[in-house]
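As written, the chains take the letters A, B and C, and residue 1 is the first residue of each chain.
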């Protein structure tokens, strides 16, 4: 997918003034935050579970070559194919080739963020295939020709009214069907249309929530059941997964799923959690004849050596964006690429390039709420700060900021000069603002005073007043 | 050996500062060091495993009923379909255990090799997990996977003795079984659902609109 | 024991007043010093202090951040306790200096040492000083804003509430989303003013919804942001630093952003 992250500022401004989007975003809070909290409070030792999740993922990443090889051998044993994709182009070519060899005409897709990352849909379009997204949210945004705005609720930016309009435009053309209004009707209509697609698809493409080295299996977690219809009905099942999705054992997969379900949707278990291992067995009466798994690097190995390896623990639960006040204000599209919110602000600069994503690491107050809910304890604010440092080192930080910091630091390291000058400046500002107590406008502070008054300082600096206080005290004693 | 494979694994090793894949013994030792031997953190409950299991099914918007023997499951199926006005035809999985069911005469019972034609289907679970109220279904000729996803009404038969407390217990049991893992090992927790329109929960997105569990006290 | 035991002499505490308090609200510094003295400590304000370096650190300017950190470490080397009336600045010292200086083992050690001696004010009063402060009266309905660094880097939540609970006449009313950022974020508020404005507007809405006539917090950054927005919207909620309430000096001092009619 093409990145639009360099347009963050205008996109964010537009989002803040988009009433439909703002209406839709109020639901993020209501839908996810409360449900997660209830379940976390109910769990006897959720902090311990997070520790274990972190330790398990760290261990896996530190031995990723071992677990990848073990996984590959087990997939082969089960009769599946393993493909290795270093780049987005590799992944596109591999998937397009599989479809071509299968003589495919129609492809159904379950939600896959790795697939979004490498632009699988574009590749399938180019190969002349009909591709149908089957997750209801993905289906809605496919009709709207928009990218997802949330990693687990891709259409969260859409209001019901907008979805009614979309369905009317796409489903009712040339019919006398009335425009739908209610959620059950919308869901039902999509169900009917997509059922036909499921039954006629030649290839089904899904992502994977984790890959299990012990058995060569992949786990797929959904609530709709679309993932299962996607992998069970067509002749060929292709799964795309980043290499960081490995976990060692089935027990580890259970740890991960306990974390994922609670952190993502606030459920103890999604309606469908499925462990898929290879293609249809000899005497099976349904299921695909071929199973392919595409193991995607796409920059992940570059993250293995430094601090950003921590980001590879990410299990794509979306909790960080659900709890991010910036995401809640501007939604996912402003971030400009596949992954929005805190995790996206770390990943996009790494995948797309620091120079094309200058705003992302900075558009954050470093309030740390994301880190406090991340099921695998990724220190997202620290990683964002590290990216700011990389920007600074590569001279991507704006000149005004750099110089401002240099001047300020010069003073900050010279307390005498600093104290003398600040006393003067504050004395002046204090006198000016004393009566009213605040400024509606101030030179050089336009960004602040656009939406806020600027509280006036008190008469003098603390340092100056304290010295006075001390000498007064001495004379008294 | 594809080049991409060699390069990806090479980069992983380079990042970890080694030239070859670690040995299984080394990895096991590292794992023991990182994760220790204690049991993982997981939910706990005071009631019996079966009671917890049933409560979780309720929470997930599923329904359940208990019958003494497998034979009586037939009446339970008929009652359920009647109550839901779901017709009188049922597609049953070929699972031989279902041969013990006494199907009431008015039901048309068909053996299904997949779920394509079924409106209501009956399959057998190998286990239930009390932790989450999940049914564990093994795909195969006995229980075709699509039978659990295409029908509107999915009825699952499970022996009460097959309810295990946690997932780890299930894995321990399954690892012993021949043919494990199957192509598709399905954990089903309530009917299909979506919240993709305005975060409003709606049942019956793509899979079954309702899920009913028949718990058999004396499963053969 | 028949004799009333006089409290053991307490060590001298260094007050790290923070740049915002120094420049904009000295009354917070005085209130802090008063509270520490009432708790039996004598208070030193080293003259060589300016700022903790957070603006440089959070802007990716590691070199300058390190220089300032070293200066702070040197300035406060001698003190048994360093008390800071800000969760944000205390958090920078305790949670970030050791990492900032990780490449220089001696300095990293000194940073960890300072981190162990550095306390946010309310936490210090509750967990270290552990004395009953003189009672103050302040009849008001108040809501408390948790600053993000205090809350998440230092675990400050119960301490200020516990202390406020001892103020006569003060009734505490919690707002919704207490754990959500007010949108200040240091330079964030001027780099992304419209996003910041949205965040502070949400915060102000939550404050107003409590019906409280006062909002109190432990960080001047948040308070300036919140008070600035409250004033712009002409909401009749007054903003004070928690130290000013606890010391009882708030009643004689105009609230943040309020004019001095004296």
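Assume contacts are C-beta pairs under 8 Å (C-beta built on N, C-alpha and C of every residue); 3 or more make two chains touch, one makes a residue touch a chain.
These numbers come from a predicted model, not from an experiment.
S.K.: Just say which it is for the chain contacts: an open line, a closed ring, a star, complete, or other.
M.R.: line
S.K.: Where centres are the averaged C-alpha coordinates, which chain has the largest centre distance to chain A?
M.R.: Most distant chain from chain A: C.
S.K.: Going by C-alpha centres, which chain is most central here?
M.R.: The most central chain, going by mean C-alpha position, is A.
S.K.: Quick one: report the Å distance separating chain A from chain B, using the average Cα coordinate of each chain.
M.R.: Result: the chain centres lie 29 Å from each other.
S.K.: When the centre of a chain is set as the mean of its C-alpha atoms, what distance in Å lies between chain A and chain C?
M.R.: That pair's centroid distance is 33 Å.
S.K.: With centres defined as the mean C-alpha position, give me the chain B-chain C separation in Å.
M.R.: 53
S.K.: Please name which positions on chain C make contact with chain A in the complex.
M.R.: Against chain A, chain C makes touches at 17, 19, 21-30, 33, 45, 47-51, 53, 55-62, 64, 67-68, 71, 99, 148-149, 152-153, 179-181, 183-202, 224-225, 227-229, 231-232, 254, 256-260.
S.K.: Provide the residue numbers of chain B that touch chain A in the complex, in ascending order.
M.R.: 2, 4-5, 7-9, 11-16, 21-22, 24, 27, 30-31, 34-35, 40-44, 56, 59-60, 113-116, 131-134, 139-141, 144-146, 148-150, 166-168, 171, 175, 179, 181-200, 202, 204-208
S.K.: Give every residue of chain A touching chain B within the complex, in rising order.
M.R.: 24, 27-28, 30-31, 42-46, 48-49, 52, 55-56, 58-59, 62-69, 78, 83-86, 90, 134-137, 140, 153-156, 158-160, 163, 183-184, 186-188, 191, 194-195, 198-199, 215, 217, 223-226, 228-229, 231-233, 243, 248-251, 254-255, 257-258, 265, 268-281, 283-287, 295, 297, 301-302, 304-305, 309
S.K.: Show which residues of chain A lie in contact with chain C when the two form their complex.
M.R.: Contact set of chain A toward chain C: 9, 12-13, 16, 325-326, 329-330, 362-369, 371-372, 382, 385, 387-393, 397, 401-402, 405-406, 408-409, 411-413, 415-416, 418-419, 422, 426, 434-438, 440, 445, 447-448, 450-463, 465-467, 469.
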